[in-house]
C-alpha cells in the first residue's frame, strides 16, 4: 500500500522550499490581494482516506476549476445536445484568445476554455429555475459540505474588470451561440468562478471523477462513459496552453484555476488538490504543477 | 468643361437598370426594412455646382461614413496624439474581425474600421461636454444644414443587436485602449452611425475633403496636410476588405456605409455621393460601386 | 479474462458492414490506388497473445504512424535536448497548417505534426551514419521482423507531390530550425513515412508502449518515464485535429496515418492496430476510429 | 515652375545629415555587404528634365521594385486573366507571412507581396521563350538603357538562402497556383529581383507610370486604365506593412525594395527614385522614406 502521507510530506517539504513563486493573478483585483506564500495539498484515495499538508484548510477562489463542475451539471440536464454548441478539441491557444472563436463561427473549441464555459453557463441559465442557488446546491451535495459558498466580492470584482469575458460573450451572442442576455449569463459565470473551497473540499468534490461517477456519499452523478469523457477533456484541455505539458510531465487528468488551485486524479486510485497562488506565465500554479509532477514520479502512478 | 449632368444621367440609366441589387444589410433590424430599389446620386464640383439623379433627396443612415467625420473632429481636438491609440494601416480583414485587434494588443489598424472608430468615439466622449449634441452641431455646420439629425430608432436597433461592437469595445477596454464606460462610448458610437443624410447633404458635407479643407461655407476645418492624410486613409481603408478593389477600379478616396451610401471625391475637382441599399458580399453598395466605376472611366478622372 | 477474439470478431462484423467508407487519401498518388474495402484488425495483449480479424496480414503504408517511431529513436540519441527544438502542446489545427509554425518562429507545436516530425528527421539525419538503413534496422529490431521495408514507390510519389512538406521544411530552415539540406531531410522523411506494415507487425512494433518500454523480444528501448511521455503525446496530439475527439470517444493513446492505419494501446494491457484506407474529413480512418470506439466501449477498458 | 534641383538639394542636405541610418538587409548575404552611408536621389519631370543629388549614379539591387515591372509585363501578355490567380487587396501583414496565403487557399493578396510576385513570375515563365533574357530586354527597352543587368551573385545568394520564398512557392504549388517547377520559377524570380539600377535608371524606368503609359522614348507600354490600376496597387500595397503610413505621410504611388531603393511618382508631374540601404524595421529605406516625405511637404504636391 502506498504511503501517501509520507509522499505528500516529502513533496510539501521539497516543493514548498522553492523561493521563486512567481506572482499572483493580477487581472482580477480581489485575487491580487492573496498571499503568494500559501501552499496546501490534500489527497483522498479511493478508500476515502484523506492526507493533508500545509494550508490545505484555507479557502481560495476555484475559478476555472468550476468549469468542470458546470460541465458535469449541464451534461445531466441536456446530455449530448451540448456538443452541438461546443467542441471537444484542445484549443492550442492561451485561455482568453478570441481569434479561434471568431474563425470558427462562435463554436468554442471545448467547454474548459472561457468561451466554452460561457456557453455552458448560458445553458444552465436557461435550464435552472434559480441558476446560482441551484448550481451551489449541486456542488454542496457532491462535496457533501453545505459550507461551500460564492465569494461575492470576487464575483463583483470580475464583473467590473472582466472585459475580455464580456468580449467573448458578445462575440458568442453575435454568432447566435448565446441565448440569454450577456449580463445575465456573465453574472452566473462570475459567481460560478468565485466559488471558494479549500484543498480538502476540492479533492472531495472531484472524488467522483476518480470513483467512476460516485461522489463521496456514494451517490452516482455520472455514468462511467461520461466520467471517462470528462477525464479525457481535463487531460487534453484542462491547463490552458499548457495541457500538453501537464499530460507529458504529470500524466493525470486535471484542471487548474487562476486562483492558484489545481485538482487532478488517477481513475480508481486517488484525487488530489493543491493550492499555491503564484502562477507561471501560462497561468497555472507554479508550485502546484511542481508538486503534482513530483507526486507521479515519486509514486510511479499515471494513466500512461 | 465636363458635362457632369449628362454623365450622371448616363450612369444613372445604365447602372439603375441592373436588376440584381443584392440584399439590404440584415444585421441591423431597422436597416433591413429599407427598399432595395432606391438609387440616388449627387455630385458637387469645386465651383459648388450641384448635379443630381434619382432618389438623391431621400435620407438614409450614413453608418460607417460617419467615421470620417468623427476622425475629422477628433483631429481638431487632440491632433497627432490620436496616432498613439490607432494605426494608419489597411487591415486586410473584413470590417468586423477581432483577430488582428487581439494580436496587436488593442491598437486598431486604422480609424475607419469599427474598432478604430470606437477608439475615436472614446476620445470624443472624453473631450466634449455634450458629445452627441456637439458632434451633431459639428456636422450641421460643415454641411451648412441644420436639418441633419440622428435616427434614434436605428441607434436603438444597433444598441440591441450590435454584439460584435460590444465585443470589440470590451476587447479594447481589456487592453487599456478605452477610457470611458463601454456603454457610454457605444451609445455615442451608435448615434454617430445613425446620422441620416440624403445624397445632396452627404456630398456637401464631404465637399471640404475635395476643397483643401474648406467647407461649403468657405470656412476652413482642416489644414491641407490633414486633408491629404484623411484622403489617403479613405483610399487605403475606406471600403472594408474591398479598399484595394475600389482604389484599383475607381481610383478615388471614398467611404462606404452599410446603409448603402458611398461618398468619394477627386481633390480640387468634385465630391460625389451615391445611395443604393443593396450590398455586395463585402458589405459595400453594389450599384454605388458600379456607378463610381463608370464615373471615373467615363470622365477619365482619377487621382492616378 | 477478456475474450479478445470474440470482441474483435463482433467489432469486425458490425464495423465492417458499414458501406460508407469515405475515400482514400488522394494527395499522394500511390496511396490513391488502394482498395477502399480493405479492413483488418490485430490485437496483442501483454501476455503476447495475438488476435486477428480481416485483412490483418496485408501491408499498407504506415505514414504518420512512423512519427512515433522516429521520436522514439531520436529520444534515445539526443534525449531531452529534443525539446529545445519542438514543443509538446496540441496544435489545435489541421495537420498541415503552417500558420502556427510561422507565428511561433519555427518551433513546431509537437513532434507528431508534420513540421515537428521533419525536425525529428533532421536530427536523425545529423545523428545517424546511414539514416535510412539505420532507422529501418531500428524498427525491424523492435518488431522482431526483418521483412519490414520501405515502399520506394510511395516515397517517390510523395517526393514529387509533397509540396506542403517542402513548404514546411523551408519555413523551418528559414527560422534556423533545420540543420541539413531540405532535400536530404525530406528524402529521409518520405522514406520513413513509406514504411509498410500489416496490422500484426504494427501491433507488435507498438507493443513496447503498452509494455513499459520493453519490446516483443523483451529488450528495453525506453525507460518508463519516456514511455509515459510518448503515450501522453499520442493521446493529446496523435490524431491531427481530432485528437480531442479520439481521447473523448476512445480514451487510448494512439496514432493514425493517412494510409488508413491506426495503432492504439492501453498501458500494461494491450496494443491494437487497425487498417481501413477510407478516411474521414479530418484525415483519420473512418472504420478504424469506429472499431476502436467499439473496442473500448465493449471491453469497458480505457485509461480514464 | 517648381525648382526641383533646389528642392532636391535641400532634401539631400537635411536628410543626408541623419546619422542613424539603421542597418542594411541582412538576410541576403550579398546585400549585407553594401555601405550603409550611400544616399542618392534622382527626379525626372514630365518634360523629361532630370535632377540628381548624391550617389545617384551608383547601381544597387532593385529587389522588390522589380515586381511592378514583372506585373507590367504580365498584364501585356495575359491581361485581366491575371486576376484569377492573384487579388488586389492590401495584405495587412509583413511582406513574408505565409499565414494569409494558407487561409486563402493559395490566392495571394496582391502581386506586390512575395507570393503574388512569384505567381506573376510563374506566368512569365510559361509565356516567354527565354524568360530571363526576354524580361531583361523588356526593362532595357522601357528604360532606354541597354546597360541594365542582373547581378548574378545576388541571384545566387538569394537562391541559397531564400528559404521563405521556397516555402511560399511550395505552398502555392500545393494549392495548384504554380504551374511550373518551383526551382525554375524561383530561378527567374531571384534573377528578376537581382536587377541592378542606379537612381537615374530607376526613375527613367518608372517614368511611364507618371506619363500615362508612355516610356521615356515615347513608346506606349500600357493604356491609361492599366497605368491607373498599377499606380493604385503601388499606393495601397507598395510598402509591405507600411503602405498605409507611406500613403498617409507621402501620398504618392511608389514601391520599395530591401536593397534600399524607393521609386515614387506623381501622375503627369514627376517620377523620383531614392537609394539609401539602411532599412527601418518594416523593411523600407529609412532615409528614402524621409526624403520623399520632405519632397511632398516641400512642394505641396501629392495625389491627395
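Going in written order, the chains are labelled A, B, C and D, and every chain counts its residues from 1.
Going forward, a residue touches a chain if its C-beta (ideal position, glycine included) is under 8 Å from a C-beta of that chain, and two chains touch if they have at least 3 such contacts.
Not measured: the values here are computed from a predicted model.
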Problem - Labels of chains that are neighbours to chain B and to chain D - result: none
Practice task
Indicate whether more than half of the residue numbers at the chain A-chain B interface occur in both copies; give same if so and different if not.
Solution key: same
Exercise for the section: Could you pull out the chain whose C-alpha mean position is farthest off from that of chain C? Expected result: B
Practice task
Could you grab the centroid distance between chain A and chain C? Build each centroid from C-alpha atoms only and quote it in angstrom.
Solution key: 32
Completion exercise
chain B to chain C, mean C-alpha position gap in Å, rounds to 55
Practice task
Return the distance between the CA-based centres of chain A and chain B, expressed in whole Å.
Solution key: 47
Handout entry: Shared interface positions of chain A, touching two or more other chains
Key = none
Exercise for the section: Would you please name all pairs of chains that touch? Expected result: A-B, A-C, B-D, C-D
Fill in the blank from the handout: The residues of chain C that touch chain A in their complex are 87-93, 100, 109-110, 224-225, 227-229, 231-233, 235-237, 241-245, 247-249, 251, 253, 267, 297, 300, 302-304
Fill in the blank from the handout: chain B partner, complex, touching residues on chain A are 97-99, 102-103, 163-164, 166-168, 170-171, 173-174, 182
